[in-house]
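Pasting the structures here.
Next come two complexes built around chain A: one with chain B, the other with chain C.
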Partner chain A sequence: MTISRRTLIGSAATGAAMASLPMGRARAAGGKSIKIAVISDFSGPYRDDGGPTSVACVEQAVADFGATQKGYNVTVLKGDHQNKPDVGTALARQFYDQGVDLVIDVPNTAVAIAINGVAHDKNRAFIDSGAAGSSLTDKFCNAQSIHWTYDTYMLAQSTGGAMVKAGGKSWFFVTANYAFGHLLHDQTAAVVKSHGGTVVGNVNYPFPQTTDFSSFLIQAESSGAQVLGLANAGADTVNSIKQAHQFGLTKKMKIAGLLVFINDVHGMGLDIAQDLILTESFYWNLNDRTRAFTKRVLPRTPNNYPCMDQAGCYSGTLHFLKTVHAMNNMAAVKNGAELVAAMKKMPTDDDAFGKAYIREDGRFMCTAYLFKVKKPGESKIPWDYYTLLASTPANKAYMPMSEETACKLIKT
Partner chain B sequence: MMMIFGKPAPLLFGQLLLGIINGSFYAMLSLGLAIIFGLLRVINFAHGALFMVGAFVTWGLHHYLGIGFWPALLIAPVIVAALGLGIERGLIRFTYKLDILYGLLLTFGLALVLEGLFTNGFGSSGVAYNAPDLLSGVVDLGFMFLPVYRGFVIVAAIVICTAVWFTIEKTRLGALLRAATENPSLVQAFGVNVPRLIALTFAGGVGLAGLAGVLAAPLYSVNPNMGSALIDTVFAVVVIGGMGSIGGAILTGFGLGIIQGFTEVFYPPASSVVVFAVMAIVLLTRPAGLFGKAA
Partner chain C sequence: MSDTALPKAPPREMIWGFTGAQSVAFVLMLATLMVAPFVAYPVFLMQVMCFAIFAMGANLLMGYTGLLSLGQAAYFGMGAYVGGYAVQTLHLTPEAGVALGTLTGAAIGAVFGWLAIRRQTIYFAMITLALAQFVNFFAVQDTGFTGGENGMQNIPRGQVAGIISLHSDLHLYVFALVVFLIAFLFVHRVVHSPFGQVVKAIRENENRAISLGYKPAQYKWIVFTIAAGLAGLAGALNALVTHIVTLTDVGNATSGIVVLMVLVGGIGTIYGPLIGAAIIIAMQYYLASFSDWVTVIQGVIFIACVLLFRRGIIGELAAKLKFAL
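Up next, the complex of A and B:
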């Protein structure tokens, strides 16, 4: 067999077309039609924090809402943004043009900001659960978008504030050199300073080409700082922590993982992750309601427990469906601004986050939980990884709206 | 404390050592690439993915079969080499008569397929693998604490690189390999099975990637993208060293590791770019690479 130029080009073209085609799961026809599109990372570094488990959570929300019984025909679509803003923008346009009522998830702040703009242009609803950048409800806020689950400001307040109060006064940061890393570093550094701490150094390392962090870790160690602040995410955080262990840094410094999901802890293993301090707004084993939710959703995602990002997709979808039902006007649902305004008026209540609400600027206001990762011996059941240290109420965790907000929705 | 260019001397000694450790991986990976390119004229873009497979096989041996690090050091490269043999016989050999770009496209596609399969099977956040007990812990070198395992990696890399260089440049087998690429029909006329020789060379080259994967498993996050993060730098190493030059790949691998290590102290954001800056300078002044023969 020889491979001709034509077959090669042909297969390459087919591959490209397949990659950009949204993968759909249609349901039986009939009833009022609602389309929800999960745009997430299905193939790259944030797949385990979003991806298929986010889809499972959205589907669980549709089931828990009782869509079929209430006479709705809900279709859940999915698209892989590949962590590229241009791919994400094209997908979002395509989905909205196909009549999608809600785009949800979108980890990666750069892609989220891009899709945020598309939602505004098309006047359709957008709930971001996976991205961290607090700029989504600040500089980039709009009437069509809601930022669910967490943001950089809240991570800085919760993890940063707690570590300084516990005596970690001097900090050395290792920062991913792009928008997200800088935002996380700047906001945490501000918290450290406001609590009387000092920042003795910072390294901006190239993202995403760095796998070896030993050089930065040695610099952190020789700085004499008490706390190592990791302003990065995903595999970078895992690599940083794994290597900090190898160099025995954990004996001299405390490590603050400024953005760590439970899936990262699972990937590292408790041998490495033990004693790490981190913040999430959802943990499956937090209370009876979170355990009940997790028990329901696990059959859809047996190998990957939901983290806060994915639980946020559940919570956001459920609230969206409740609002649609309460509005009882399918024409108004197609008006993104009107729909999101109605979502903001109604308080939220679900098993994953309990009672909460959405602020005027689109910020979902939920409690931030500070956790410590358990030692291997303390973990009794699968994915039993966290001990709760403290909780910060929403009004303390998120950036106050009065504080120099750049959000145009707020009339001052 | 003694200062060099405004940085404490112990910090710089530490960086030198860390640079050599990273250089060990560059050297081992670029070595396999250089062998495959030098003898087969195939630009193997799947090399990073096969490095990743090596790390996953190491983890899998322990996770599913309870086989530890030391046996894995032998078993995993053999499994990866066997996979390489299948890839060469099943796919790559069809590209030998075509333009060199077809082999590149094919292996690039293979890398994407392998990464996709592992992402689907094991997720993106990776799996846990720790250094064997014998090699855990740190030694105090006075100017820094060196993890024992990293010291082991340096020694292992030097031994492996020297052995491979010796085999190719100084033994009868190596001479046959080099002859087979210069003039396959003549070597065949002497009764040597050239296609088998080439297939085994490819298997050997990717086996080296698998071996590097085993050594990397306790150091880095074992995840499906771990290879693609390294492969760009490794290609730059091969180009700087001179495409196909075995010794060049080894020396450049260690050299660039050290240059990168120092960049990480003086201006960290440039540490990924510095390799390519060196590559540009080398290509401008010596287009065939530092150790390459002029084309």
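Up next, the complex of A and C:
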């Protein structure tokens, strides 16, 4: 075999093309460097409920903790999971491999369950604030993950329970066809039935590509049910409620938005959203502490007030940093199970959620508030949207640990 | 494309079907792939190899046989689901999972190919697309097996032969590299075998091949099945690498991506699919922060590729240097 000069050049070019791909793995810096990655929806239906405002809240927590004064170098990274579990896992894996200590937020239960598995695999901490699926502390619970803010069980108990008690006995569901929608539908249907109501029908719509809900709404209307249960979230909820208005559905049926954030109410406008009953575990205008927190964070996110998901990112990050500081052992921080165990031992206290704690199975225990959306005339200041109807204490709002639960952490 | 795919006259001194240039390129590729995990992110590299296998199969169809399939994701996705299921639920070893994925892809390919090869050109492409839609529909519906919109999650990587754990990225990398090399040498062998010569003859002039006594339908069917098997192999390997199988893997976008990889890399070249896969996956990884814009950027690259260098990167390179790569 003879090798000509040309052959050599050609082969070298091929090799160079392969070697010159833009790459490079960041190394975990030593000392008191902490990396937090916000994985959220930055482009899709959950952008306003998570996304940039979640990042702002995490940065606020870093500032409120006084990271620089205490000698920590905290880096906040972000990644867009595009509501695809495969993109989310790839991102999480990459972040953890780059030495990220905590992944936070992750709206979308399907993506959250996937990242939950990666956190366990890599033994790194994961706080989910944005996803609703109660299976995160049930079937998929693990020693590395904490489910902050809220879950489907709590929404079903609070909003679902209140609607049935107010006389909405027969329900028709419009459900986002993935993990979260199914859980929210199942758990709300259970609450409806336990209060003596009936479920007339259910229709699953493809997520996240659906923007036209007309055919599903017409099915709901023709079912003759009293209540339209929307087992969806974010821009989907906004679209379905707006379209229900256009069809005049709201005159015949009551709408139960089973997961509505304040940003969605803002997106709909009070004309459409008025009188909607909903549940959040945080409202910026709830008390002096929440108002103080909101005042601090608003300069970072002037056009979008934080909802419970984003406030949960603040609360979770703050508690994580406090725990890291209390442990005073940077090697132990890299051990997700050890870190999360320490976080569970320490009670939480912050301006967004007040005093609370994290249960053994990773459930953050905070109060659930039932709100009614104000009429346009009642709203006095910007984002003054809610009237408090009732509050459910944490031990009533969340799925009890003793029964039903499939969490391996509490079997012993 | 014929002059890029074949040297004017096959050179005499060939090692295992490799020309001098190709063997140097092979050694360089091997060296690059062995050093790469210490420089770059291993999971990214493993995905490049998975999609390179996938694209090599598609290239066999498109480049060497002249059949454009728009439904390759069906075999990739089902290979991934079955491979993932075998490892996760049946607790089989990863090599068994990958083998099952390959068989699944090949089996579905054999059935679909039998139908599709009855028509040519755009009709062939549309039949493959329609059949792939069936598979996609099945994946969306069947929440028990495929997990529907949630996908099949937390697939373990398992232990090779029940001994060597693939949990560490480096171990899995070696495993993926071995699988990739086997697939690469297999494709190389197929292309340079007498069988491959007949296939290329059919691409150039089907009627003349018939007049020489060959039955094009049989050859096309076999190539289609091989391509589907390689897609299944790639899918199953990808399931192990990423721990997850979702609707993306069986969707139309994936079918399109693999065509794009072949075109960008160089249709009808041996090294083209690898380069094409590396470029497209690198874009998905490193441009992820642009989210939806990634598809727009991919579209621009596709247009640029078709307008400026129709033979793809490796194709143009080979044409410049006047030998086959």
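By definition in this document, the second predicted complex is superposed on the first by the 379 of 412 C-alpha atoms of A that agree within 3 Å, B and C clash if a C-alpha of one lies under 4 Å from a C-alpha of the other, contacts with A are read in each partner's own complex, and residues count from 1 in each chain.
Convention: a contact is a pair of C-beta atoms (placed from the backbone, for glycine too) under 8 Å apart; a residue touches a chain by one contact, two chains touch by 3 or more.
Fair warning: this is a prediction, and the values are worked out from it, not measured in the lab.
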* May I ask you to decide whether A:177 touches chain B, chain C, both, or neither, giving the answer as first, second, both or neither? => both
* To do: Name the contact category of A:357: first (chain B only), second (chain C only), both, or neither.
  => neither
* Asked: Counting only touches as set out at the top, which of chain B and chain C does A:43 meet: first, second, both, neither?
  -> both
* After superposition on the shared chain, which partner residues are touched by A:91: those of chain B (first), chain C (second), both, or neither? -> second
* Using the touch definition from the top, say if A:266 reaches chain B (first), chain C (second), both or neither. => first
* With the two complexes superposed on chain A, say which partner A:121 touches: chain B (first), chain C (second), both, or neither. => second
* **Which superposed partner A:219 touches (first chain B, second chain C, both, neither)** => first
* **chain B/chain C common contact set on chain A** => 1-3, 8, 12, 43, 177, 206
* Asked: Along chain A, where are the residues that touch chain B in the complex?
  -> 1-3, 8, 12, 41, 43-49, 51, 177, 203-206, 208-212, 214-216, 218-219, 222, 234-235, 238-239, 242-243, 246-248, 261, 263-264, 266-269, 271-272, 303-304
* Can you list the residues on chain B that touch chain A in the complex? -> 8, 10-11, 14-15, 18, 21-22, 94-95, 98, 102, 105-106, 116, 119, 123-128, 130-131, 138, 144-145, 147, 149-150, 219-221, 223, 225-226, 229-230, 232-233, 261, 264-265, 268-273
* Interfacial residue positions of chain C with respect to chain A in the complex -> 13, 15, 20-21, 23-25, 27-29, 31-32, 35-36, 39-41, 43-44, 140, 148-151, 153-154, 169, 242-244, 246, 248-249, 271, 274-275, 278, 282, 285-286, 288-289, 291-292, 313-314, 317-318, 321-323, 325
* Structure fact -> Residue set of chain A touching chain C in the complex reads 1-4, 6-15, 17-19, 21-25, 42-43, 79-80, 82, 84-87, 89-91, 93-94, 97, 110, 113-114, 117-118, 121, 177-179, 206-207
